[in-house]
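Quick one: structure below, then a few questions.
By letter and in written order, the chains are A, B, C, D and E; residue numbering begins at 1 in each of them.
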Amino acid sequence: MKTESVLEKVIKSGRLAVTSECGPPRGAVAQKVIEKAEMLRGYVDAVNVTDNQTAMVRMSSFAAGILLKQIGLHPVLQMVTRDRNRLAMQADIIGAYTHGINNMLCLSGDHPQFGDHPTAANVHDIDSIQFVQMVRKMRDEGKFQGGADIQNPPKMFVGAAANPFADPYELRVARLAKKVAAGADFVQTQCIYNLEKFEQWMHSVCERGLHEKCAILPGITPLKSAAMARYMKNKVPGMDVPQQVVDRMAGVAKEKQAAEGIKICVEAIHRLKECKGIAGFHIMAIEWEQKVPQIVEAAGLYPRPQVD
Amino acid sequence: MITAERKPLEEIINCVKPFERILLVGCNECVTVCAAGGRKEVGIVSSALQMAFLKQGKNLQIKEHTLERQCDPEYVEELSTMITGVDAVVSMACGCGVQEVARRFKTVPVFPAVNTKFMGASERQGIWAERCQGCGDCLLGVTGGICPIARCSKQLLNGPCGGSGSGKCEISPDVDCAWHLIWERLKALGLQDRYEQIIPAKDWRTGRGGGPRKIIREDLAE
Amino acid sequence: MTQLTQRFQTREKVLVVGGGIGGMRAALDLAESGKNVVLIDTSNAIGGLMTQLDRTFPTNNCDLCTLSPTMSEENRKRRIHLMPLTRLTGLEGQAGHFTATLVSEPRHIDMSLCTACGQCQRSFPERVNFNPGLDHRAPTCMRYPQLTPQAFSISGASDEEFKKLAHCCPAGAIRPDQTQQQTQMHVASVVLATGADIFDPAQLDYLAYGKDPDVVTSLEYERIVSASGPTKGELVRPSDGRAPKKVAWIQCVGSRGLQKGEASYCSSVCCMFALKEAIVTRERFGDDIETTIFYTDMRTFGKNYEDYLNRGREQYGVRLIRSRPHSIVRQPGDQGLRIAHCLGNESALQEELFDMVVLSTGFCIPKETREMADQLGIALNRHGFVETGQFNPVATSKEGIYVCGMLESPKDIAETMIQASAAACRAASHLPNAAAGSKDENQVYPPELDVSSEAPKVGIFICSCGENIGGLVDVKALAAQAAALPDVTLSEVLDHGCSREAMETIRQAIESRTINRVVIGGCSPRTHEIRFQETLRKAGLNKYLLEIANLRDQTTWVHHDHPAQAAEKAGLLIKAAVSAVKAARALEDQSLPINRDVLVVGGGVSGMTAALRLAGQGFKIYLAERMSVLGGVAALVHRTIEGGDIQAFVRELIQKTMEHKNIQVMTNAFIVDHSGMPGMFKTGLQAGPQMFYRQISHGAVIMATGAMPSRPGHYLLDEHAAVMTQLDADALLEEKPDTVSGWDNVVMVQCVGSRCEENTNCSRLCCQSAVKNALRIVQINPKARIFVLYRDMRTYGFYEDYYRQAREKGVIFIQYDKDTPPRAAASGAHVEITFTDPILARLVSVEADAVLLSTGFVNEDENTEDLAAIFNLARTTGGYLLEDHIKLRPADLAKPGFFVAGTAHAPKNIKESLAQAEAAAARVICLLAKEKINIGAAVAKVDSSKCAGCLICVRACPFDIPYINTDGYSQIDPARCHGCGVCASECPAKAIQLTRFEDNQILAKLNGLLERMVA
Amino acid sequence: MQPFEPVIVAFCCHYCAYTAADMAGSQRLCYPPNVKIVRVPCSGKVDAIHIMTAFQKGVDGVYVAGCLDGDCHFKNGNIRASKRVVYVRRLLEEIGIEPERLEMVKISAGMGERFARIAGQFTEKIRKLGPNPVKRAESPAA
Amino acid sequence: MNFQKQLESKQFIVLAEMNTPKGIDVSRFVMDIRQLKDRVDAVVVPDLDNGVMRMNALAGGVLAKRQGLETLIHVYCRDRNRMALQADLLAAHALGLHNLIVAPAQEISQCDHRDAAVVNDLNETGLLETIGTLQNGKDLAGFDLEGRPEFTVGCLMTPWSDKASFEEEIKLTQKKISLGASYVVTPPVFDTGRFAQQLAVLQTLNVPIVATVFLIKSVAVARYIAANEPGAYISEDLIRRIRKAQDREIECLKIAGETVSRLRDMTQAVLIQTMGWEHRLPALLDAAGL
């Protein structure tokens, strides 16, 4: 074991891991975080806490992560390279670790243009791969990025994101390889709707043996409505929603669309369970956390293993 | 070249409001080439300013002049004969020129009339695009001649983010994904394997991170 | 005249015999297309008959005004060697290698010294000739003011008289001892244009001509009403000098006659001539003058002439009486002349008194001309006119000798002009190819003064343009106001700024007052700039030191509702022009190579002939035909009235056209777009069946789009099998002549679908077609009774012979009125035609086996309209293409670079169409013979000290001319620059200026217009 | 007070609009004398500075008259002119001068009638807009 | 968006036909295409259109694509044998041209090189099969290809003059669809009313319909087409409308524009043919309200 992380333990145990996510509120309301997280209790192995998701200011993932930790859940600290330079990032990492947070996801972050502070400086002192590398070095070599030794280095289970669909497609596996080489322990992917294409990607991932060095957790997001499906298809960068999925959502009555969305997502989990190289699922029910237990149960991922 | 864009006229008008006589100085270098501050733009801005003031019954006197280059003191010196009797100077050069003029004429306020934008190239007639951020440590050699610092929205040095589609950046379909370009270029050069080498975190000291920069050529410097 | 220059000693020249309008046109066309011409005339100056006309039909314009530019085109004079008082006495050799013998009479005046002051003539009017033709009426002014050469001649003077003449001549130019000279000359070809004489009515004693002073010929009448005539344009009776109140015209004097000395043919122009004189009389001398024309048939068959006839009758109240007067007598005690005549349907003789009688005399060929023809060995027809081929309109029987104008047959000015150009076209073919171009040598101008360092001294000339400007604006006040502008040296008013005198005034003023900038206030610079520029050059000034304020087209003509503001605007425009001209600089012209390819639209006989003539001269032709085959309407006709085989001719023409290496034939081709200017047009065509779009670059266009046989649904046409058109009958007679042998009664109806509301004009051809078919029917079936129901038989010229022949063969011609047309009713296999017999004055019916309708031609409205819209061409109300000048430029369209041939212009027969096709070809050659088209002096110039090398001009230029040179500056080749100025207006460093339109010039103009508004 | 009579400058391309203006003349069509024509070889020659200067000098309205689309004698000068007019209109707007005082019109050489109509309509429009604000501010002082 | 995605999106697609020059001066071709950027969804480059020898579609297509526009090219059988066709298809793919329209070829007698040899090694359906074979990674001889090209293929319908020929054409088109054509391009539509009647049948083909709009440029052209194109219906009213217009050229553009906008509610796509007046396309699109 590289870390104390429960998530790492579940993965190493060979069972399919389940993570979910929780977006912190836009205000100093700790209760909101706790309410959302409570819905997930017992159904997931770790909860991602997003960092100024979609470039909108929210409670810091660091603080929200501590709140989760306090109620006994296992947060995955998300951090983007957009808002902090390498000093601030490392400071936050050791800070989080001292509060017992031992998972993190290294991201570059959405462009400020999409958010509520389009005039903000777009820092990107380092990029996401350099970030993964930095966290890994802090853990394994006990060194800050600048080369100085760390007293009691933070032992983070390091995650990275991957989008199997973004262009150029042929670079997708190579990019994952690069992240793995940089030190990613697990990877959570973009929401998967185009299962066939994902499977192809996984096939290439496995061909390179990347699944052995790194746990791959495909992202699963239930669609709430046909409108959401269309939006995801047309408006969200890097998203691949096949027309059949949109048609299927649109094919049922409006009030039944939510149920259909969950059905699609459960079917997807069932199918991907069979896919070689999968280490678990990252179920992102955006502003719909209450449905996660239902999905986990229906997908046969309940109960969660006890590893502690 | 350095690109620039004329400031909104209102901003320039507000700057010169308190004055009666101004000297409007163009520059025959980069800002001419990017059609922001050459002789022609000087004429247009001069005319616009005069009209804007005439409307309020004020006869703003404008001397127009365009220097070969505003960023060289020898050229700036040309203005010394014109500066007398002038209340303010409006420079249509890039930030370098404005500062150079201000440095030379200490008693007269100097206002910029253009916003200096970036170092870029003209893609086509009338379209200029950013190409370089002057980071002081060029890595074009490993990125196939395309700069991810200047041209990737997130300054990613190790590959595209997850948001690119059809070769375009997630921030706008008008922006090429720099990494897409890099990748295509590397492929064309048969250098795909270069991609998987991780480019380490950048030393920003060679850029603005290291404070104001200066180049000294010992052999040339006096 | 100067001695023969070297140029005229070469074999490569054309001899033009006769200096009337025909000869002049031919000479000018040849000269303009770069050929050398020797123009001879027996009189002391060129001009011929037309210069004696006061106004020409149907525009009623003053001839002098329209003709003078043709005569004084001085820049062409250098290719025309003029030999007055000269006749052709012999011609040896063959086409391309003739040797002509010319004999010149002495003038007894040294032309290099004569100033045309007229002193000699005032002293010895009997011996000094200046105004020939009407000398017995005591000329008091020059024959016409633009006479070329401006010269007198002396004949028959005694030694004593010569002495006195020498004494009175202030220039010392009298040369008593000059003698007759004979010259031998090599020429490649000859154009005969000696015209015809006017029939002398003195031979016909019943007309009282020569006995009574108030009986005059139409030409004499013309002189009487002419502003330059003996009465200075006052209409007075020769007998007592009183203004006449009743004037009569008698037609067909010396034409269509059988009496002694009369010609049997029709003189073709007299009807229009008389009508014009009657209209002008009413127009100019008052409504209270009664004008009456006694006629046989009103032959207004030319383009839009029928409209003119209707206007004369309806608008001007010209009285028309269909009758041939019996006698003209002045009985004692009569206040006037008594004309006795009978009306058609009444046997009683009528008498009426007139104050003046005008004889519409015809034309005949003088004896001397016939002798000359004999000497040249060319065939004449039985009337003494030069014989030409049926399908070869201006070629005489001898190769290399061509003919035009009245000498070929009686005709009006427009047709003379067409033949003259056609003759020029043919005559030129014996010289080296025109397509090779000719170097345009500059007229010798005085060296240009360098005024760049002088302070501006502006001369302003404000033209009142007759009433056009002066009528609305007080030009004197305008001139006075302009005189007060800074730097103005002179400000004057001119009456007609574009006249030769005015130009001379300007030139002298420039020289005497050392003016270095000129402003003209007048008409549009688009039309007149060139002429004023010429004047500046003659005065030694660069032609770009000129600015024209458009006071007419863009001021007085468009603001006649606001005279005060128009005057104010005129003042401002002058001021702006003064301001701009001060910023003007001396410039040199740039030119572009001319595109010599020609687009011919329409593949009928006219189009093909024009194409072949041009192709033969080395031009490349694009022939666009909208149908799938060539041939046009002529392919439908079998015989000419003379019996010529049209089909064989058309077949041969098509073959030659298809095979010619210089002709690219495009069938199923439609013109869809067009742009450019003469010498560099671009036309887009779409050609089926592939609908391939291609753009053709060419220098000129010949419109030969034709007209179509009319087929109006009258008289049971297309309802009853016995009813057909003359064109149908032509085919029937050719293909199934036997059908005719069963015909007992044949009725032909004339003017079906012509001269009516839907088509007001005469179709010109139908009378000859009817006569042609009648003669052929009679030939096959002599028993057939043929009735021709007509309104006016218009068998003009020699076609009159066939008309008479038909009458002699028993064809019955019955006149009907427009208001009581014949009627047709089906009657089994026959058609019953009912009409009024004017002699019996009752209705008559004929059971016709065949009814032949003379349906004439109509313009194909949709097609010409489409083309006119695309090419931006003007059309007549009947839809035909509108020529530039109905008389003088009948083959030129109003749009420069466009020419017209054949029935696209107006209905005409094949021979006439062919002549116009050749004329159009000649006119095209005139345009395209130049090496280059001058594109003016507007070129982009780069100031390298300002240039930032930004490439903006390189990218902006629509023609890819600028480039960045090795020094890093933009460079623009002036020879390739088109002068649009886009680079100048986009240059961010203001390093580029477009000469002629430099910023300071435009700003100066704006200053002039706006300066008093904001200090 | 005298009614306001606007001063209008029309920059006319020699090949089309200027010819159309002459054509209006030969057809004796009336249009307001307010319009003063400045001949240019191509509408693409009309510099932004020329237009600005005209307004600075107090003109009340300007229109640039070029050939119909696709008919430019110099290929695309008229298209450039149109773009430039849009650009200068924006400048005018920035300094508080009604952009409607400047227009681009397209006329072929044969359209005399259209020329007269546009002259009339444009004059009417400017008459309604009133004097050029630059001149307006100037005149009480003058 | 590539053309395949455009088709899938079910949005209204506007295509413009851009003919290559007969010659080597491509400046007009390129300029005309440039001004269509953001105005049309894709351009179509025909190959030796209507039997006129000109620069081939492959070169034209590459030039068009370089201007940043999605590009479709024609392929046809008259002038090339199966080797040349396959080679060109591979070249097209390598050069980024992934959209094909399989076109019928003009009879050689109607071409501008009437004496040229006619190849017709394959026919239209054979060509469609060939494209399918290539997409499966094989050539017609059964050899493996390095890499598999992917094309979006459409087919052109030949004009029909009556019911029988229409039915015949529908049958043929069905076959082409079964062989891989994923959309069809109709002959020019002059009268949308008449077209509406045929549309029901066309829709049974179950693929996107691209209706062709042909720009009539003059009365003479209108007359010619009405007389010579089978099934082309041009009403007298339409001809009168052109004749009465103050500016015929603009009226013709308007007519085509209006046809485009009417077809907007009827078909998924239109193809505008201007045959030489490509520079007028922006005005036409303006008239269509696009």
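Here are a few things to note about the model shown:
Here, contacts are C-beta pairs under 8 Å (C-beta built on N, C-alpha and C of every residue); 3 or more make two chains touch, one makes a residue touch a chain.
Quick caveat: nothing in here was measured; it's all calculated off a predicted structure.
Seen from the Cα centre of subunit B, the chain whose own Cα centre is farthest off is C.
Most remote from subunit A, judged by the distance between CA-atom centroids, is C.
Comparing chain C-alpha centroids with the centroid of the full set of protein C-alpha atoms picks out D as the closest.
The greater number of contacting C-beta pairs, out of the two interfaces C-D and A-B, is seen for C-D. Subunit A and subunit E have CA centres that are 47 Å apart. Our note on geometry: subunit A versus subunit C, Cα centroid distance of 92 Å, whole angstroms. Rounded to a whole number, the gap between the C-alpha centres of subunit B and subunit C is 67 angstrom. For the pair subunit B and subunit E, the distance between C-alpha centroids works out to 46 Å. The set of subunit D residues that touch two or more partner chains comprises 47-49, 53, 56, 70, 108, 134, 138. Residues of subunit C in contact with at least two other chains: 673, 956, 1014.
The set of subunit A residues that touch two or more partner chains is empty.
Those chain pairs judged to touch are A-B, B-C, B-D, C-D, C-E, D-E.
Looking at the complex, you find that subunit C touches subunit D at residues 524-527, 550, 552-555, 557-562, 565-566, 568-569, 572-573, 576, 673, 675-677, 872, 938, 956, 958-959, 978-982, 984-986, 994, 996-997, 999, 1002-1003, 1005-1007, 1009-1011, 1013-1015.
Residue ranges of subunit B in contact with subunit C, taken from their complex: 28-29, 32-33, 35, 38-41, 43, 54, 66, 122, 124-125. Looking at the complex, you find that subunit D touches subunit E at residues 68-70, 108. Subunit C makes touch with subunit B in their complex at residues 946, 948-952, 955-956, 987-991, 1014.
Residues 81-82, 86, 108-111, 113-114, 122, 124-130, 133-134, 145, 161-163, 166-168, 170-171, 174-175, 177-178, 181-182, 190, 237-238 of subunit A are the ones touching subunit B in the complex.
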